[in-house]
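In what follows, subunit A forms one complex with subunit B and a second complex with subunit C.
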Partner chain A sequence: MAQEQAIPSIGPAAPEFALPHRPGVLRNVLKFIRRKPLGALGFFFVLFMIAMTLGTPKAEFGVPELPHSPLGFKLGQPWLAPYGEEQNFKNANGRLNTDAAPSTKHWLGTDGSGRDNWTRVVWGARRSMFIGLWALALATAIGTVIGVISGYFRGWFDTAVQRLLDALQSFPPLLTLILILSITPFTSQPSLLVVAFALGFVGIPQVQRIVRGVVLSTREQQYVEAARVIGATDTRTMSFYILPNIMASVIVVFSTGLGVVILAEAALAFIVPQFVPQEGASWGLDLGRAQREGVDTHTWPVIAYAGAIALAVLGFNLAGDALRDVLDPRLRVG
Partner chain B sequence: MQQYIIRRMLLNGVVLLLVATMVFAALRVDSNQVVNRFAAGCFHQGEDTQQCKDVAKNLLGLDESIPKQYVDFMKNTLTLDFGKTFSEKKPVLHEITSRAAPSIELGLLQIVVALLVGVPVGVISAIRQDKWIDYILRFVAIFFLGIPVFIIAVFVILLTTRYAGGTGLDQWLGPGSDWKDIWEDPVKNLQRVTGPALVGGLGTGAVLMRFLRSQMLEVMRQDYVRTAWAKGLRERVVIVRHALKNAMIPVLTVIGLLLGAVISGNVILETQYNIPGIGFFVTSAALQGDFPVIQGIVLVVAVMLVFINLLVDIAYGWLDPRIRYS
Partner chain C sequence: MEEPTYWNRFWRRRLSRRRLLTGAALTGSGLAAAVVVGCGGDESGTDKTKSDGGGEGGLGEDLESQVPQFIDARREVVPAPADMRGGTLRFQGFDPVVLDRHDPHQTQFGPMYANLSAVFSKLYMYKSHTEPTWENIVPDLAESAPEMIGTPPTEYVVKLRKGVKFHDTDAIRSHFPDLAGRELKAEDVVFSYDRQRNPDSIQKGYYYRASQYRTIDTIQAVDDYTIRIKTKGPIAPFYHFMADTNAMIVPKEIVDMEPGPGGLPLDTVDTNRGPAPGERMIGTGPFFWGDLKFGIEYKALRNPAWFGWGEPGLQRPYLDGYTVSGSSLNDTSLEALFRRKEVDTAGFIENPEWVFKIKREKPDLEFFRSWISGWINSRFKVFCKPFDDVRVRKAIHLATERQQVVDVIGSGEWRMQGPVGNAISYWALPYDELLTLPGYRQTKDERTKDVTEARQLFEAAGSPEFPQIWFADIPSYIPNFVGTWKQFMNQNLGIPIDKLRTLTQAYSRIAEAIADDSCDLASMTWGFDNGWIDLDDWVYPYFHSTGSKNSFRLKDPDLDTLLDAQRTEFDYEKRKELGYRIQRYLLAATGSSAICWVSRATECRRALTRGRITRHRERQRWPGPTSRTVSRSHGLAIATGVLTSGSTRIIRPFAGGRPRT
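Presenting the complex of A and B:
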């Protein structure tokens, strides 16, 4: 840098471009924090949760498998987890150190089996997060396709689809989930991917309703009309003119839906533990186990897992609201 | 109006038919699965697995051909015959109705709490817009909106059973052991439902409050409210008679929509607080693989929701005559 500046310029001075002042990333972030402090708090929780899921990847490739191989390669121990997932601790007497209060060794205490709560929370974050991502990927993909087609063609197809999905949507989601999971084939317990797909299926109506609403207004835009005039086919209009222009809404739906799905998974594991895999750390499962065994003895695990679920869901809600206000004010309700 | 109701009833009939067909199809996708899962439970109790399977198949009517099954299923559903439970071989409908009272009580109490809290808070927050009280109320509402109800319930149970033992608070807010119906022992019954009703009601109330606030803000800017102020009416009269009355109409539809969420939430709250209602029934049936129960509850809830929504729509038109049903 210093050398470049030292070279004297020869000839007429380069014309100075009067670029409008473009604020840097940092300044944008600061502005966002000042304007939407609660949204920024939400983003902090979300980023922290993402950080909890990260671990050193291992060179083991294969079919995606939740929770530790969500993208086809295996993730190692999370960087933020000080101990292993199932590591038990003993106290000075040689017995299991159960339900200990927080200390420097165990930041959030230990659970009923002498495992470190903070470690379990970090390991469980990966499970919640990737179930949420997989479910939402399915829900947004199918929901967007249905929403775009239904909103674009309107007519009898739209009416039929909307009535059907209205019926699905007004239905208590937890009951739908229980119904789906009680007919899905699994021997003793379903794999997490099955749970994720069931959750995603339940989310389709919500996603498609929002997407359809946006498509209904987008399809009346002049550029869509122009596309039709120059002879673009319906498929082309939908995929190259409408879809790119509703992406902001889709992103917002994705981020708000993530919180809902994470919560639904935790609630499902909490009340019907048999419908999710029993191995590994899971916020909903561990919370349910601790509550059933008695909150008065398992105070610290309850606080740790309930707090983790509460902060994660709160974070996704706040972040989603702020993101919606910034990216797509059209979706604002209430 | 009459025409509208008739048309809505027909449409609802179609919707229910679709739901029933979906439930029918759901089981037939892989019926062996359902039968096997129940048989696994038999195996653990030391009963003959093959016999269990036959019984389950028979109860679900899986021996017949698919079209015959469909006709039978629809006929039975229309006559509210949802078959017999796997576990005790009792009629599903009777098992559901005998557990309905606690659920209905809890749901109604939640709506009452939601209205009692949500309406005043929403009004205050709207008429004191952008004052400190508005900020505090909105922050509390965001808190209740953002944090799931069952987590709040966990914390309430934790605080009352661990830290409030002997103060009486634990009896009113914590999960108790035995259940008494309200006509048997009102005090004991209310002790059991206060906790879940408060927690669930506040969660619903937060949604209500946020919606009512935005409605109030809109109504307060209408001409007739300005006229009411200009006439020199007292603040209370303007707010309650002129503004709130009109702001409540859209809120009514939200209450209708919230019922689905209330039912869903009650599944969790009933399990958490050991209340022997329909929600508790469905989770225990799910644990045992008792498919007829799940199927029956799904159908009953669908019928209930459809008719509640119809009632809400009719009430909506009755309260706001400007709405034309054409």
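Presenting the complex of A and C:
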């Protein structure tokens, strides 16, 4: 009897102990928008930029090539681009309709070659986005590996790696980029893949530094200690116990880094256009051209391309900040 | 309890840096968006391009009427006071961008000609920019016009000025003690001409005007001041040859004649033995070769012992030197430098609007406008597929949207041109006639007809795939134009844009590639080229089967006959007509001579302003009613020369004294 009394009766749970109802995706999104409006704005810009890069895939497979074949299959004209990348327009006199102000036909006006600025912005998004993704993929992959190993083992290896990367980081990133791209084989045959890898290379120290910092605290956690106790090897510990637990930081680094890389690519094309492929739409190149020919007469291209760069970077920064707040339990509010 | 929403926290929090920046960014974005939305316009009223490619827009009639004529190098001048000097003129230009050799006989690069022409002299020179006729050739090192023997002449006797000295500085004395201050002799002239016609020289491929000097049968120094030249036959432009771009007189001492590969003399100034090429730039010109920092700056310094065309009282050259900066060659930077008074003279690169604007703001600025004898061209290797097919070449010729080239590259301030540049109005096919020819005519119906024919020809040739097309990397408007070029090739010939492969390359690399027989390299190119002076310069080296610049490898006996004929026709009017026939023949693009004039279309019409010179002078305490005029002529001449190839005759005026006003 006493035993029977000890066992709680199985019946319907009291209301105060009921599991919370899991809200749907839409409700989560709305909640996020309400609580993090700036983050939501950032995500809107990011999603819009992603949308600008999308086009109907073509059945042409091969080696990945930037910007129109970033994953080995070719993307067609972006859905959001009303015209071709180089399509120009003529006025009633049969001459190129250059430097036109915005109109219903050309939402952001035309540039000095009579091309639609909005169309160039959309096509240029593909270049910025895919260079950014490739560069960040490289930087994050290598930086994470270095950061995890360096932070996990510490000791002389950590010291050596960190001092080496400190030395690399002591050069201004833009100068390092220009230095890499000014190597003769790259200048004689500029390639967007080379630009992406150069940007990724420059980003490695920053990524590994953040990852290493997180690993240094993670490796002291009890579950890591427990893994060691049960005989997990270093590789296993790093791969299955540390890496999954630092992924939130890696994701945040990736998302905020994308804005930085997009800005760096645009700056590179603006400052040293000869070191980057000059074909096709590019926010940095097109902004540089408009600026060099005179902002007075090329006002609309400047507004269009500078605005695109600014909004993209702002979007990635705001989205990254919001992501960090959401993924880091210590920063969760409410 | 109130739910801790974002807005609740928003109003409670302090204004952090992050919030401030975010707010500022959002406000900025909003304002930009508002501007975009609020300033909409209709494209029907946005025709900013010019009426006929001649670029009449932007300036206004009042300024058009003020456009001065080109200032003559030899116009009447009055001596400057003994203590009056012109200071150092500063401007931006391509002069430091030397992509070619230093050797005055082995270069073909416009900016290098500009540098060299201040340092070296020739027997004769042109005094007129636009009328390159015999009447406008005047003595430079020569004492007078040559004595021409024979009818038509086959023998020329040239008398040199006496007392002309080579440059003399401490640096020159240390490297070439025997040359510093040595008097120029007839042997120097013989050496300068002989080496360019020497078929055994290991540098023969670099003598770009060799075909001119190979018309010489014998050349000898009769005495220290007399040269006797016999030609192999009557050569009409021979007098011009003595005033042409590569006719500079160099002393033998500066040339490395030690054995090179194969045991033959190296025969060049561009050697890595002994003094560097820059230290070998020793001539008899009005300026010393100062310092050349590649791509950054070129400095020239006054030669106080210059012979001054036999008028020492004028104390030429007036300027103490000039400095050309090769960085920031774009309109925005140029405008900023000009407004900050960091340059004394400037002109537009692509967009002339800022020049017009400054002129409107400050009407007292000097303004100069002139055609420039440079051009953008396409070259084909006619032995390479698909350009060995005349239909393909003609299709490209007709499909090329020359007016778009003018509108995009020169903001409408350029002009289409034929085989001879419009700046050389005497020899160029009349512009009115040019505008009636296929590929150039611009009415809607005519253009439609040309494009239709282009498409038909291209399809008849099997719509072949193009090899990689090489574009020059400077000026920046050339690589910028690649997209537009692809667009009109796509529209007019139906070539998919992704099948048009292009590569941007430096001129030095392009020059190597077009000289190469490989069809994998630069079988079609797109770039800027110097303009020239005489009819012969524009056509013979390029299109004669033995021409030194015939990188097309064109061989057309009919064309050769015409080109040879213009060399033996001494009657100017008849030669001019022959020149027209040659140009029409080339433009007709028929038979094997169909080098197409793709984008050989444009010729820039530069608006040059300058005028800070006056204040610059005043700051240096050289006031006086004539200082502006003096500065004007010199500044303009340099600025024009910088932007012009074959500029010897143009850059020389700033060696002058004060013009009589």
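Throughout what follows, the second predicted complex is superposed on the first by the 305 of 334 C-alpha atoms of A that agree within 3 Å, B and C clash if a C-alpha of one lies under 4 Å from a C-alpha of the other, contacts with A are read in each partner's own complex, and residues count from 1 in each chain.
What we mean here is this: a residue touches a chain if its C-beta (ideal position, glycine included) is under 8 Å from a C-beta of that chain, and two chains touch if they have at least 3 such contacts.
Fair warning: this is a prediction, and the values are worked out from it, not measured in the lab.
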Would subunit B and subunit C fit next to each other on subunit A once aligned, or clash? clash
Under the stated touch criterion, which partner chain does A:Ile183 make contact with: subunit B (first), subunit C (second), both, or neither? first
Return first, second, both or neither, reflecting whether A:Ser103 touches subunit B, subunit C, both chains, or no partner chain. second
Check whether A:Arg27 is in contact with subunit B, with subunit C, with both or with neither, and answer first, second, both or neither. neither
Tell me which partner A:Ser170 touches in the superposition: subunit B (first), subunit C (second), both or neither. first
Considering only the touch criterion stated at the top, classify A:Gly94 as touching first (subunit B), second (subunit C), both, or neither. second
Please tell me which partner, subunit B or subunit C, touches more residues of subunit A. C
Could you look at A:Leu38 and tell me whether it touches subunit B, subunit C, both or neither (first, second, both, neither)? both
Tell me the contact category for A:Phe270 with respect to subunit B and subunit C: first, second, both or neither. first
With both complexes overlaid on chain A, does A:Arg236 touch subunit B (first), subunit C (second), both or neither? neither
Would you check which partner chain A:Ser113 touches, where first means subunit B only, second means subunit C only, and both and neither mean what they say? second
Once the two structures are superposed, pull the subunit A residues common to the subunit B and subunit C interfaces. 38, 188, 274, 291, 295-296, 303, 310, 314, 318, 334
Touching residues of subunit C toward subunit A in the complex: what are they? 3-6, 9, 22, 25-26, 28-29, 32, 35-36, 39-44, 46-49, 330-333, 335, 349-351, 353-354, 357, 403-404, 407-408, 411-412, 442, 444, 447, 473, 476, 479-484, 486-487, 490, 497-498, 502-505, 509
For the complex, which residues does subunit A have touching subunit C? 34-38, 41, 68, 84-89, 91-110, 112-115, 188-190, 273-274, 278-280, 289, 291-298, 303, 307, 310-311, 314, 318, 333-334
Per the contact definition, I'd like the list of subunit B residues that touch subunit A in the complex. 11, 14-15, 18-19, 23, 26-27, 29-30, 33-34, 37, 40, 142-143, 145-148, 150-151, 154-155, 157-158, 161-162, 210-211, 213-214, 257, 260-261, 263-264, 267-268, 271-272, 282-283, 286-287, 289, 291, 294-295, 297-298, 301-302, 305-306, 309
State the interface residues of subunit A toward subunit B in the complex, per the touch definition above. 38, 163-164, 166-167, 170-176, 178-186, 188, 263, 266-267, 270-272, 274-275, 287, 291, 295-296, 299, 302-303, 306, 309-310, 313-314, 317-318, 334
